[in-house]
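The chains carry the letters A, B, C and D, assigned in the order they are written, with residues numbered from 1 in each.
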Amino acid sequence: MMALLLRDLKLSVRAGGGALIGVLFFMTVVAVIPFGVGPDLNLLSRIGPAIVWIGALLSALLGLDRLFQTEREDGSLDLILMQEHPLVLTVLVKCLAHWLANCLPLVIASPLLGLFMNMSEVAIGAVALTLLVGSPALTFIGAVGAAVAVALPRGGLLVSILVLPLAVPVLIFGVSASYAAVEDPAPFMPPFLILSAITLFFAVIGPLGAALALRNAGD
Amino acid sequence: MTESLAITKFSDLANPARFLSLTGRIIPWLAGLTLCLFAIGLYLSFTTEGDYQQGDTVRIMYVHVPAAWLSMMCYTVMALSAIGTLVWRHPLADVSHKAAAPLGAAFTLIALATGSLWGKPMWGTWWVWDARLTSVFILFLMYLGLIALNRAMDDPSKAARVSAVFILVGFVNIPIIKFSVEWWNTLHQPASVVRLDGPTIDPEFLTPLLVMAVAFTLLFFTLHLMAMRNEIWRRRVGAQRRLAARMASREA
Amino acid sequence: MRLKAQGLAARRGEDLLFSNISFDLGAGDALVLTGRNGSGKSTLLRAVAGLLHLDAGRVTWSGSGEAGRPGEACHYLGHRNAMKAELTVAENLSFWKTFFRDSAGGAGASVAEAADMVGLGGIAHLPFGYLSAGQQRRMAFAKLLVAYRPIWILDEPTAALDIRAEQTFTDLIKRHLRSGGLLLAATHQPLGLDNAQELQMTGFSDLPESLL
Amino acid sequence: MSHGFYIGLSYAVSALIVAVLIGWVWWDGKARQKELAELERAGVRRRSSAPAGEAQ
């Protein structure tokens, strides 16, 4: 399993890997928002956490459709399906590798974008923390979508359409926890704990669903 | 006579092997000169007086302005190389603009970071969507996009041609971006925000600034030549690997 | 060691591809599937490997010791090579070696040995994408050697290969059979195996296939 | 006002980025030369530099 993790990480940093593109997309999306709403620093700092979260959500979905599709195209998926390792575990490891290569850079880049959005230090920290906790849930949900769409020729857009509605709870609690850290009356812990619970829940449901879908996608 | 000499020199350079041996001799000198200039520049920039208005923070200028200047010069070098790729199909031009993209990104990053560190004590915030800063930020995104584009394609000469087109389109676009960002900025900007213009530059600051600018420029060219050598070697490795694969077939 | 199939049937979409196929292979036996394109050879192989749902029938495997899904005792070499073009050959092979792990009753060759056995020992350090189609196929075959599996399921193993490479493959297959392995292969070209059973796939529905 | 902090930080950041850049270019060059040397040892020669190498 370690071998699979290392191989996937290696693939994502080698030429043609998508690790850089996700962060770049994230920065670009967040950077164009001020051109739409204007450079009013107060307004930007108010909507900042929401925008950083939406940007991260979109860029986390960007490379997800390739999670199983590349494996299928070169035939590796067949061999992975045949092994005696539990498929759920294999999917979990693949999700982990994808998260490390694609989502962790987003978490690391988010404080920088927080500065651009003129967010306070507390808000920046809160957004980075909620992203760190919440983004694995996005990967796990996305894995189900990627597994369902694995055999489709133009699965990429479809994965986003399938997964975005399912990711709404993550967005709700992630953003509300970030705001709760800044605005006094609202407590930070309840939404943050719910977010953690969602991540743990999908860490179980996601790989199970993806494994089931992969087993049935055989042709 | 001189013209034909120039042409032979140029075609000499066209040969990558010639280029490698020539740059191998030049690079140590260039690096040494860069080091000396940096030593002088850094000494000057810490010994001159501070500005009465901006205090000591004016010293940030000695890195910020040269880096900003380089971020633009690097793009110009890339645009010229892109013309070389598209018009003369010169292999060294491909190598040149591919090697320059990460350097440009790094210098733009320095300009952004030091600008932000300058802005914090001056404006009280790390970042304002000021026209100049915003344009530099867009330039930074363009550099990163180019790096990603170069990485995404296997065939180096095809990648070079495609990114050359993109570089030129971007080059034509830069004035438009600059203009529209300024227009957008004046549309929204409340008059209270402090602009960076300040008083005209004192000759006292000018000397260290110029020395640092020259030092940074030389640093860029040193690194550019080194990166070009790396790129040539990278292509050579690729070609020899393909050759190795073919030879293995023949022997087996 | 026994691989048994009884009354297998599979469909593609609504059409019945084959039905009522049975075979019984012991240690050292080989079964070669022949037949026209679209007669269901690949489908049968994938079904035995456990990659497809069967319409009817069952495949059972009793190996040395534990009995499990037949898929776990199989090497499957499909039309695609299952190697990553971005990684070097050695990286690809050593990944599959650790990921497969040896089945009970045997041990795989090391990566360098496997590359030598398919006749490409010198170029395992190259990225897989640099190899020609035939070389890629040979390296994909080397994947079968790095981890031990009693059953080899090969789908058109010799496509894109020249005669010499075909001979290498046949030798390796014979060695596998001699050491008590099993083989299922679909092929257009004869593999040159003696005493292999041949199953002619006719490709129609309902009629029982004849075991020659 | 601790301007010194911002000045120091900006020089440090610039020095860090330049150092990373130089390190990367340097390391990249070394790595490529090592790859070339390895290929050379494996008996692969450029056709133009050593035509005799191909005959063997």
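Rule of thumb we're sticking to: contacts are C-beta pairs under 8 Å (C-beta built on N, C-alpha and C of every residue); 3 or more make two chains touch, one makes a residue touch a chain.
Computed from a predicted structure; not experimentally measured.
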| said: Report the chain ID whose CA centroid sits closest to the centroid of the full protein CA set. | reply: A
| said: Count the C-beta contact pairs for A-B and for B-C, then tell me which is higher. | reply: A-B
| field | Chain located farthest away, centre of subunit B as origin (C-alpha) | value | C
| Between subunit A and subunit B, what is the gap in Å from one C-alpha centre to the other? | 33
| said: For subunit B versus subunit C, what separation do you get between their C-alpha means, in angstrom? | reply: 54
| field | Cα-centroid distance, subunit C relative to subunit D, in whole angstrom | value | 44
| request: Please work out the Cα centroid separation of subunit B and subunit D, and write it as a whole number of Å. | output: 18
| request: Would you please write down the residue numbers of subunit D that are in contact with two or more other chains? | output: 42
| Out of subunit A, which residues touch more than one other chain, so two or more? | 15-17
| subunit C: positions in contact with at least two other chains | 122
| query | What part of subunit B is in contact with subunit D in the complex they form? | reply | 55-57, 59-60, 63-64, 67, 102-103, 106, 109-110, 113-114, 117-118, 120-121, 219, 223, 226-227, 229-230, 233-234, 236-237, 239-241, 243-244, 247
| message | Taking the touch rule as given, give the residues of subunit D at its contact with subunit B in the complex, in rising order. | response | 1, 3-4, 6-7, 9-11, 13-14, 17-18, 20-22, 24-26, 28-29, 32-33, 35-36, 39, 42, 44, 46-47, 54
| query | Within the complex, which stretch of subunit B touches subunit A? | reply | 116, 125-130, 134, 137-138, 141, 144-145, 147-148, 151-154, 184-185, 187-189
| said: Quick check on the complex: what are the subunit B residues that touch subunit C? | reply: 154, 238, 241-242, 244-246, 248-249, 251-252
| Contact residues on subunit A for subunit B in the complex? | 15-17, 20-21, 24, 27-28, 31, 34-35, 38-41, 44, 115-116, 118
